[in-house]
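The next part holds the structures, each set out as C-alpha cells.
Each of the next two complexes has subunit A plus one other chain: subunit B in the first, subunit C in the second.
Up next, the complex of A and B:
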C-alpha cells in the first residue's frame, strides 16, 4: 500500500519548486537583459569609435599625432573597445595601414593588457594573447611567443607558432623549424605557413632542416623548400628522394615538381620503376622537369613501369602503343 | 566620370578598410557582404573594377566571378585570396580574374593594384 506524504510537506515541496522555477526565470531574464545591454553598449561604442580607427588607418604622417591623442583621451572602456577593434582589423591587413593601427593599439594601452594576460590560467586567453602578440608585435613579444610556443596546450602552441611567422629573427625561425617535427602538436601546414611568412631569411635554416635527424622536420622542410623555391636547397632535396621515410620522399617529390633539380632525376627514375604511390609521385616530378633532362628516364618508365606510374607520367600504356 | 569600385568581402573590417582607402584616393566605392549581393550589384552597376574576396560563405568569389564572366561582363576583377591558397589563385585565373592580392594585404598595395587595373 502506498503511503502518501503529509499535505503540509507536499505544500512546502510545491512552494520550493515554484520558487526555484521563478528564480531560474528571473536569472534567465536578467542574463538576457545584461547581454542585450552589453551588446547595445558595444554597438554604441562601435558606431562612435570605429570611424576614428578607420581614419587612423589611412592617416597622413602629420595627422597621426592628433588622432593618437584622441585615442589616449578616451576613457578606459572606450580604449578597450578601440583595442579590440584594432586587433580584429589587423588580422586582415599589413603594410602602412597595419603600422598605423598598431600605433592606435599602442595609444589605447592594448599591449600592456595583452602582455599581462600571457600567463593566464585559461588556455583560450593564452591563445588570444599569442595571436595578439603576433599582430601587435609590442616590445618583448618575441620572447613571450617563444615561451607560448612551449605551452602545455597544443592549441596555444599552434597559435604561437603561427604568430611567430610575423618575426624573421633567427630565434623565431629556429623555433618554427622545430615545430615541423613529429609530435610537436602543431600542424605541419601551420609551421610551413609561418616559415613562408618569415620569408627570405629562412632559406639557410630550411637547408639545415632538410638534413635534420627528425623525419618530421625533414618532411616539413621538404614541403617548404618547394613552396619557397629556397635557394641552396636543391641538392639536399634531391637526396631526400631516397630518404628512409616514405612521407619525406613524397614531400621531396612534391617540391621537386615545383623546383626542378637535375641531380634528382636518377633517384626519381629508380623510385618510379619501384612503383606504388611513391613511384607515381616520382613520375609526376619527372614530368614537371625539362624533357631534355628526363627523356631517358621517361622512356624506361614507358617501357617497364607499373600502369599507375605510367598514367601519372601521362605515358600511353604498352597496349595503346602497340 | 568618377571611377566606381565594387568591394565584396564578408569581413566588415576588410570591407571598410578597403573602402576608406580607395575613397581616400578619390574613387567611388560601394560594398557588398556576400556573393549573391555581389552578383546582383555587378549586373546592376557600371563598375570600373570589382574587388572580390574568394572565401565567402555560400557563393564563393570564384563562383561569382565565373557567373559574371558567363554573362559576358569583362569588368576587371581583383581577387582577395588567403596566403598559400594557390589553388584559389589558379581557379581564379581560370575563371577570368585579372589580378589577385593575398590576405593579409596592404591597403596601399591594393590601391596600387586597383589604380593599375583602371588603366
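Up next, the complex of A and C:
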C-alpha cells in the first residue's frame, strides 16, 4: 500500500497550513476593521473641518484672519487633516481662492512639515514633498524643487519637474527644458506639460530648445511651441519637419497643425508623399493650413499619395468623387 | 483484481513523487506570483498620490487614443455604450464602432442617435480584412469624435482589424460593446505609454466581474459580489489569475496575455504585426505572443505592461452551460497559441517569455487539468482496489486542499490590502465561501471542460461560438440601465471574457 509521506509529517504540514489560513483570516478582518475605522474618523473630521476650509477660501479680506486663527487653534490631528484637504483642493483650484487655501495650509502648519521632509530617506515621501511644494509654493520652494529635480529617484525627479511647472522663473524653465532630454528619467509628456504650464515666459527658451542637440529636447519644444503659439519659432519648426528623428518630425507636424507656417509646406508635401505615420501627420498639418498655400500639395496627395495619407488629408475617395 | 492492484501500486511507485512535486511546484509558483504582485501593489499604491493622472487628463500633450468597439446585435446597449465611451475622461480620444453585420437595429440606432453622415474618405487598407465594407459614417459634430463602420459579418477580430485600419490616433484600445469602463480607464491604461512612449508597446487593464453590481447610465455605482456561487468563484479566480498573476508576469517583463476585453496598443506596432489573427480562437493571447516575438526578433527593448487599476467590468457566465463553453474555448485557444509558438518554448532568444512564462503556461495551465483528472481517477481506483491507504489519501488530500486554499486566500488578502472593491462584510463572507468552494467540485468540473476544449483543438473540430446569455445587472435605475446588460448577445461574435 502506497504511503507517500510519513503521517506525522503530513499532520505537521496540516497544522502549519491551518495556522497560516487562520492568520490570513485574522489579517483580512483586521485590515477591514482598521480601514473602516480610519475612514469613519476621516469622514468625521471632514464633516467638521471642510466647511471651515471652504469658508476660508471664499472669505472677505476682513474675515480671513479670524478664520485662520480658528485653524491655528485646532489640535495636531485636525490641522493635519486640514492640510490634506487643502492639498487635494489645490489640485483643481487657481487664482485668489488658491492663494487663500495656501494661507489656510500655512495656518495649519503644513508648509514647515513639508519642507522638513524634503530630505527624507524614503523616495515616496520626497515625491510627496515635491508635489506639495508645487501646490503650496511656500518660501524657498523653488530652491528645494530644483534640488529634488536632481534626486537619485526618477519618481521624485518626475514629480519635481511637474511641480516646477507652477514656477516661471528662468531657473525653473531651464531645469524643465533639461528634463526634456532623452535619458533624463522624466517622461517627455511630464516635462513638456510643465513647460506648457510655465506659459508665455518660456518663449525664448523654447526657441533655443528647438535647435538643441538632444532629440528629446527638440521633440518636447516642438510640441510646446505650437500649443503656446510661441513667436519666432516658425522657421525652426519648419526645419524640424525634416529632422533626422521621426518623433521630432511628428511633434513638429502636430505643432504646425495649430501654427501654420508657409515655409513648411514643401517639406510637409514631401513627407506626405512618402506615406506612413509621418505622411499622415504631414497631411493633417497641410489640411490645417490655408488652402491658398497648400492647394498644389493637396492635389499631389490626391493624385499619388497612399490611401491612409489621403484619408488623413480629408480627401474624398475616387468613388465618392465619381 | 490483483493485477489492477499491482499495476496501480507500480504506477504510484513511479509517479507519486513527481506528482507531489508537480502539485507543490504549481501552487508555490502561483503563491510566488501572488507575493510578487503584492510587492508591486504596495509600491504602486504608495505612489498613487503623485502619479499625475489629473495633470495627464488636462494635458493637450497626452497621446491620442482610438477606442475600437466591435458590435454585433448590440441594439439594446449600443447607444449607452458609445455615449459612455465618448464620455471617458481623456483629453484626446475618438470612438470607432464597427457594426459587424448586425441583424438587429444596431446600425439604425447609431445613425439616428448620432445623426451620422457618410464619411467619403478612402479606407487605408493597411490590414487585410474579410468582411465586405458597406460604408463608413461619422458624426457631423466635431465635438463628438465618432466614426461608425458598417460591414458584413466576419467576426470580432476582423471587425477590430477594420477599426484599426481606420484609427487615426497613436494608441488603440479595443473594448467590447457590453463592457463597462471606469471613467478613468483610458488615463490609467495609457499612463505607461505616457511615461515611456518609446518602449511600451501594449498595456492591459484589469477586467472585473460586474454581475449583480448596480449600474447607472453606463457607470458602476455600487459594486457587489454576484449572487450565484459559480460567478462568485469566478470573481476569486479573476483576482488570483488575472489581477495578481498578470501583475506579477508584467513585473517580470514576461507578460504574454492581456485581456481581449480591454487592451491598449501602439497603433503603429499593431499595424506592423498585422492586427488580430481572425482565425485564432485565443486571438488576444495570440496577438500578445506575436508582439513578444516581434520585440525579440527585432532586438527591441519594448515592453508589454499590465496596469493593476480596475478599468473594465464585464458580465461573467452565471450558468454551467455558458461557463463550460467559455472554458472549452479558452483552453482550446491556449493550446492552439502555445502550439503555434512552440519554437519559443525554452528558447533563450525569447528571454523570460521563453524561459519562464511559456514553460509555466505549458506546465501549469495547459497540462494542469489533465494531470488533475488523471490523478483523481488513479486515486479513486487505488482506493477501490486497496492500493492506496484511505486515511493517508484523505490526509494528503486535506493538506493539498489547504495549501491550494492558502494560495487563493493570499490573493484575497492582497486585494483587501490594495483595491478592496467589495466593501460589505457580507461580500467578504461570500468571497471566503467561494475560496473554500472552488476546490470542491468547481475546479474538477472546469478541468473536464478544459480537456474537452483541448481535445476539440487536437481533433480540429469546428469551433461554435454560441451565445453569451446575459442575465442583467441589479438596481438599474433608468431605461438605459434596464436594457443595457440584459440583452442576449446572439451568435456571430465570441464572448470575450478573460
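Here is the rule we go by: the second predicted complex is superposed on the first by the 269 of 322 C-alpha atoms of A that agree within 3 Å, B and C clash if a C-alpha of one lies under 4 Å from a C-alpha of the other, contacts with A are read in each partner's own complex, and residues count from 1 in each chain.
Note that a contact is a pair of C-beta atoms (placed from the backbone, for glycine too) under 8 Å apart; a residue touches a chain by one contact, two chains touch by 3 or more.
Quick caveat: nothing in here was measured; it's all calculated off a predicted structure.
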After lining up the shared chain so the two structures overlap, which partner does A:58 touch, if you call subunit B first and subunit C second: first, second, both or neither?
first
Figure out whether A:97 sits in contact with subunit B (first) or subunit C (second), or with both, or with neither.
first
Now for A:295: first (subunit B), second (subunit C), both, or neither, which partner does it touch?
neither
Figure out whether A:19 sits in contact with subunit B (first) or subunit C (second), or with both, or with neither.
neither
Should A:314 be classified as contacting the first partner (subunit B), the second (subunit C), both, or neither?
second
Partner chain in contact with A:10 - subunit B first, subunit C second, else both or neither
second
Based on the superposed arrangement, let me know which partner A:89 touches: subunit B (first), subunit C (second), both, or neither?
first
Go through the superposed model and pick first if A:306 touches only subunit B, second if only subunit C, both, or neither.
second
Identify which of subunit B and subunit C touches the larger number of residues of subunit A.
C
Would you sort A:196 into first (subunit B), second (subunit C), both or neither based on which partner it touches?
both
If I apply the document's touch criterion, which positions on subunit A are contacted by subunit B in one structure and by subunit C in the other?
91-92, 193, 196, 227
Contact footprint of subunit A on subunit C as seen in their complex
9, 12-13, 16-17, 20, 46-47, 49-50, 52, 54-56, 59-63, 120-126, 166, 168, 194-198, 267-268, 382, 386-389, 391-392, 395-396, 398-399, 402-403, 405-406, 409-410, 412-413, 416-417, 420, 425, 428, 432
Applying the document's contact rule, which stretches of subunit A touch subunit C when the two form their complex?
1-5, 7, 10-11, 13-14, 17-18, 20-21, 24-25, 27-29, 31-32, 35, 91-92, 124, 127-128, 130-131, 155, 158-159, 162, 187-190, 192-193, 196, 223-224, 227, 247, 277, 280, 306-308, 310-312, 314-320
Which residues of subunit A touch subunit B once you look at their complex with the stated criterion?
50, 54-55, 57-58, 85, 88-98, 193, 196-197, 227
Footprint of subunit A on subunit B - complex, ascending:
11, 13-14, 16-17, 20-21, 24, 83-84, 103-109
